[in-house]
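Labels run A, B, C and D following the written order; every chain starts at residue 1.
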Amino acid sequence: MLIEPIQKSQISKRFVEVRSYSVSLCKPLQTEDYIPQPVAFASPPKWHLAHTTWFFEEMILKKFSTDYQEFHSHFSFLFNSYYQTVGERAIRAERGSITRPSIEEVYAYRSYVDKHIVELIENRPSNELEELIILGINHEQQHQELLLTDLKHTLHFNPIWPVYEQEYDLTDDQNRSFSWISIPEGVYEIGHQGDGFCFDNELGRHRAFLESFEVCEALVTNGEYQEFIEDGGYKNFKYWLDEGWSWIVSEDIHHPLYWKKIDGQWHQYTLAGLKRLSPDSILAHISFYEAQAYATWKKMRLLTEFEWEVASDQLAWGKRWEWTYSAYLPYPNFKIADGAVGEYNGKFMINTMVLRGASNATSSGHSRKTYRNFFHPQYRWQYTGIRLAK
Amino acid sequence: MLIEPIQKSQISKRFVEVRSYSVSLCKPLQTEDYIPQPVAFASPPKWHLAHTTWFFEEMILKKFSTDYQEFHSHFSFLFNSYYQTVGERAIRAERGSITRPSIEEVYAYRSYVDKHIVELIENRPSNELEELIILGINHEQQHQELLLTDLKHTLHFNPIWPVYEQEYDLTDDQNRSFSWISIPEGVYEIGHQGDGFCFDNELGRHRAFLESFEVCEALVTNGEYQEFIEDGGYKNFKYWLDEGWSWIVSEDIHHPLYWKKIDGQWHQYTLAGLKRLSPDSILAHISFYEAQAYATWKKMRLLTEFEWEVASDQLAWGKRWEWTYSAYLPYPNFKIADGAVGEYNGKFMINTMVLRGASNATSSGHSRKTYRNFFHPQYRWQYTGIRLAK
Amino acid sequence: MLIEPIQKSQISKRFVEVRSYSVSLCKPLQTEDYIPQPVAFASPPKWHLAHTTWFFEEMILKKFSTDYQEFHSHFSFLFNSYYQTVGERAIRAERGSITRPSIEEVYAYRSYVDKHIVELIENRPSNELEELIILGINHEQQHQELLLTDLKHTLHFNPIWPVYEQEYDLTDDQNRSFSWISIPEGVYEIGHQGDGFCFDNELGRHRAFLESFEVCEALVTNGEYQEFIEDGGYKNFKYWLDEGWSWIVSEDIHHPLYWKKIDGQWHQYTLAGLKRLSPDSILAHISFYEAQAYATWKKMRLLTEFEWEVASDQLAWGKRWEWTYSAYLPYPNFKIADGAVGEYNGKFMINTMVLRGASNATSSGHSRKTYRNFFHPQYRWQYTGIRLAK
Amino acid sequence: MLIEPIQKSQISKRFVEVRSYSVSLCKPLQTEDYIPQPVAFASPPKWHLAHTTWFFEEMILKKFSTDYQEFHSHFSFLFNSYYQTVGERAIRAERGSITRPSIEEVYAYRSYVDKHIVELIENRPSNELEELIILGINHEQQHQELLLTDLKHTLHFNPIWPVYEQEYDLTDDQNRSFSWISIPEGVYEIGHQGDGFCFDNELGRHRAFLESFEVCEALVTNGEYQEFIEDGGYKNFKYWLDEGWSWIVSEDIHHPLYWKKIDGQWHQYTLAGLKRLSPDSILAHISFYEAQAYATWKKMRLLTEFEWEVASDQLAWGKRWEWTYSAYLPYPNFKIADGAVGEYNGKFMINTMVLRGASNATSSGHSRKTYRNFFHPQYRWQYTGIRLAK
């Protein structure tokens, strides 16, 4: 996986590219698809398109462009997300009822803001501006992945299994290697370094001592996970963390998200529609609880995030987010930035687990080995998988 | 208020009229507005359009038209509502995530079914067919009122207060009479009689003894209700039923639904947008709890549904549903029809209160003095008001 | 069933009798049994003993006895129940955590208050005093029944099925008559009349017209109800009100409360311990939903409360509370008394159904044909049964 | 703080000592106090006494003593806790309704089991037996602390603030040092070593690299925490983790547990009753969220558990559990034991934070520097405090 640090001179081109990519992701959508938010944690496509634009308007245009006229007086309120610093916000769970502005207006909003950002880059370049635009680009890329995964989640509530895109990739992985890589004990450097962009949670580069360990080159496949199911994995509490067991019992969970048995055959819902489950595809859409239970059943374990970072140079990664058995916590000397930008990461450092890697839904240029993704252990709507260690 | 019994010979014309009216109600909508369902009790416009069509397809075409080809194999499942007799149903609270079929497909579905119903009426008329079509027409009219009130409820979640229709009526009532009408004690006949259509819950015509009572000609206005608020009506438990008090405390309720104080001035959200509250308009969007508390504060009471039915000939009614202090219960000799049609009314006869009258949102020809509307006592999204008795 | 109107001259004797009966009900208890409150709707024995005493102290001694010293400054707060007029109250669901005062102190509280009430009757008799004492006596008798039924409910959470009293009666009814009694149509008088005590909800004596009906002399037995279960009564939605069906599905209910199948044999938990289910015993511990579903399955119906009151003179009643298909609503001209006493009944007149009759747990002298008991339709911990009508 | 490794030859004496200490903790209790369980996470004293006894009966006597007659056939079921391996369990939240067996029977159960354990030690000593007895002793000591803290929590629901023991210690700390201790960077050994008892979660001794840090000798006091409150600490989201902020908003939290402002003066509920808040006492009963917010407000931070362990030799600790900013996760090479004993610790390693140290409620001989206590971040009923680092 190649990391492309963005050159400041190319910022305008990169900005346009990333902004256009969001639009291209929505090409297969009908107007109706832009609207619903069946669950509070996943937002509608329209909201993603508008909120990422809001970020550029609120954090950049209103600050750097003295004569900027905001596109619409209500949008600052409507499309703020969790930034309490910025002011009152619409309620998160009610994004799906915001039918107006229409999707056409949101696209007009995007064009309007894009035009002003490009002008600003040309007319009033500065380091601070460029840094914020790069942050905005990375913010937009995060929402690109969410747009896809949220959309998949919304569409799957429809009993007729709609198709987003016939060609959407299932990530078969038939040439994978099952070798185990050994990593020796030692003090290793952890965290981001260098000129390229990173989030604040990757900073505070520091040393960590690791005992020696072994890590599997391959991610777990659907077929391997089926063995766990067939061996009664979801019926035996001894493989599960206590809260994981409570979760599968109370939510009546017996298989990964999007799996469905039809006439005795496993199928899975994908963005290309309902498909027969391919045993050789990389497993996806499991919770941390399921990842950990599977590893326990295998008499192995998950990596920690530090082990993952150290081993990553020897791994082909990037097709699935990989649950680690590391809680998402601050690195030594982690600093929270002042103002709204400071609300980006630090405040979520409790009750969430770190995922490392990237998925096929991750936007190009938005992954690196020090990247720390994080979700609550029960979430499954991202493309999340398992890598074993021992 | 004129009741128009439908002549069987006019059934085809009436069918087309009522079906067209549903479509005309949606004229001011953008595609986005057809989709959301922010709360489980209110359905999206698209669903209303499709479900009323489903009723004609499932209950009539599939039964009477031997060579009928259903429009789409999934629609029977998608657009069933609560009819457990008919089979599996999509989950009620998830109607808002069904983005496909598109709204165009739903309109095509309507046209297809309408064409077949009209042909059926012409080619194979029968009493049973006509009765079911009349039931379907009345079912559709109920959904027309729900379409408007559900839509208003959905739009009000949007902090920018969208306008459905600039001209939508607020029901000012400036020439109202405040007189009290006296009704003498006696045995009265209650329930529907005659040839016209009625629902099963109006049948079981029977006698009831009423003590003498007085009823006010006018409905309570916004201005009168404001006095209750200003007198601390929402702060004094003694006016409230115990569950009403718990409800206003736990839901933090201090005024009718859709009222909003802006800079010290009461406003109300209407289908014509946000408006200054008109003190002379008839009060709307209150729960039974609020109606009962207001009456108690006034040292008066609400009517029972029998009192209402007996007094109705002397009242100008039809602009607001009127809460009665009668629970929705079966009349003597009430019979539940066999099959799915029997699920229409009887099974809701618990924990709901009867409303009598009609509102401005009620479709023309869909009201009569024996009509029994019913909702749980906390619901407020219908146009519900107060008539006092003593 | 004999109604004994209390003669004012015998008030002191009656007071002592009723107060002693509460104590005698607690004789089989261990100290531990006085404490728990596993569910919010049922209170611990200690609380019943203290709260009924509080009523006499707060409503009578503090008002009529000018030099009365309250027993303990905290008890007014601790043992108030729902009387919002009287002041702050301890939270209802937390009665089970009030370990202090000890049960000995509560008994001392009872003795202290009893002594002062008896002195008051002797030294300062008045009509108003006597009326309040009679109200207090009736209030205490209501709590006597609750004490038994709450206790049974608490004990049944214990997997070892404790015995309250070996001899506690199961109400076998082997000589019952299955005849049907016919009541002719007509205008009947409803509500209390005469000198004896009644609650405010029985007043507003008025006339009601009843169509003719028939009522069964016998209550439904366990054996008859078993047939309903065995015929799939709990598995077929068509017998159930919509909310009843939701209730049995969500609560996973398949039989009356306290029934348990052990090795293929039905048992029931009673205050005399776990017993084999007697098919000839009168059915008890069912919700209104179950009563209504059973009647529907039988192709019959429940009585209304007015029908019950009119028929009652021809029935042997008093062994089980009988669910009626009448909502608990105010009679015409129902008046709410001023002050705390007015909070007794009227504020519960919503979402509850009327029960008529009495049960074996009802205290002697506390039943009459105009008595209106009421509970939410899902409650089952009272001795509630079914009488069929047609 | 002295760690006393238990010599195997003294096992019988130690067993009797620890078992007696549980009984002595209950001396101030009335029978009523043994019963209630107002919240699911805290158990009644009776249950602690019985469950610790169950551990010895179930895990030891039934396995090692071939002719052992169990004390009562139901107790194995009633007093199992979360050990799913052992079989069916009574529901955790319903422990408070188990009034029978009586507290006398529970004391008899204790004596019976104690006698048999002592006999077993004398007659059939073995390493495996001794290890399990030591585990049982440590298990009992954990429940001794819970007994006190659960009891305090239960009693505080009583609006009259009962006293457990007049002399119960408030841990004033008036001679404390405010110095900062510096710890140099380096690779440190973490985890238990040596012969003494430890829990499985302390094993997997391993190395960790720590950057240099400073730690304060003193714990935060009530007075210092009051400054945070007075500076608006509970009103400014910027000090709080996102879930911490949601928690204080939804739970309406404005101060530590057991604090109460009366007539403008802070008080705190203690096991010695309600007391004026002492500003010099060590702060207790705060959640992790509050600890973290306080540290952020101070522009400092909490220690990690590894930092704490390394610094502990230079600290006077043991008066308060200290929240660390470390999630409770497995050490490298952590192994879960087979069978029920394996359910002790590992399955809780998610969504909990580590506390290090000990409190005044911790039993003597039950603390060591490698001990890992853990709770969900919102829990406050333990004696939990704050030590700052930078």
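Quick notes
Definition applied: a contact is a pair of C-beta atoms (placed from the backbone, for glycine too) under 8 Å apart; a residue touches a chain by one contact, two chains touch by 3 or more.
Everything quoted here is computed from the prediction, not taken from an experiment.
The minimal number of chain-to-chain contact steps leading from chain A to chain C is 2. Relative to chain D, the chain whose mean Cα position lies farthest away is B. Chain centres here are Cα averages; for chain A and chain B they lie 44 Å apart. Averaged C-alpha coordinates put the centre of chain B at 37 Å from the centre of chain C. Remark: chain B and chain D have CA centroids separated by 58 Å (rounded to whole angstrom). Of all possible chain pairs, those that touch are A-B, A-D, B-C, C-D. Looking at the complex, you find that chain A touches chain D at residues 82, 84-85, 185, 187, 206-209, 211, 213, 237-238, 240-245, 288-289, 292, 301, 325-327, 329-330, 332-333, 347-351, 353, 377.
Taken in their complex, chain D has these residues touching chain C: 30-36, 38, 46, 74, 77-78, 90, 94, 96-100, 102-103, 154-155, 157-160, 162.
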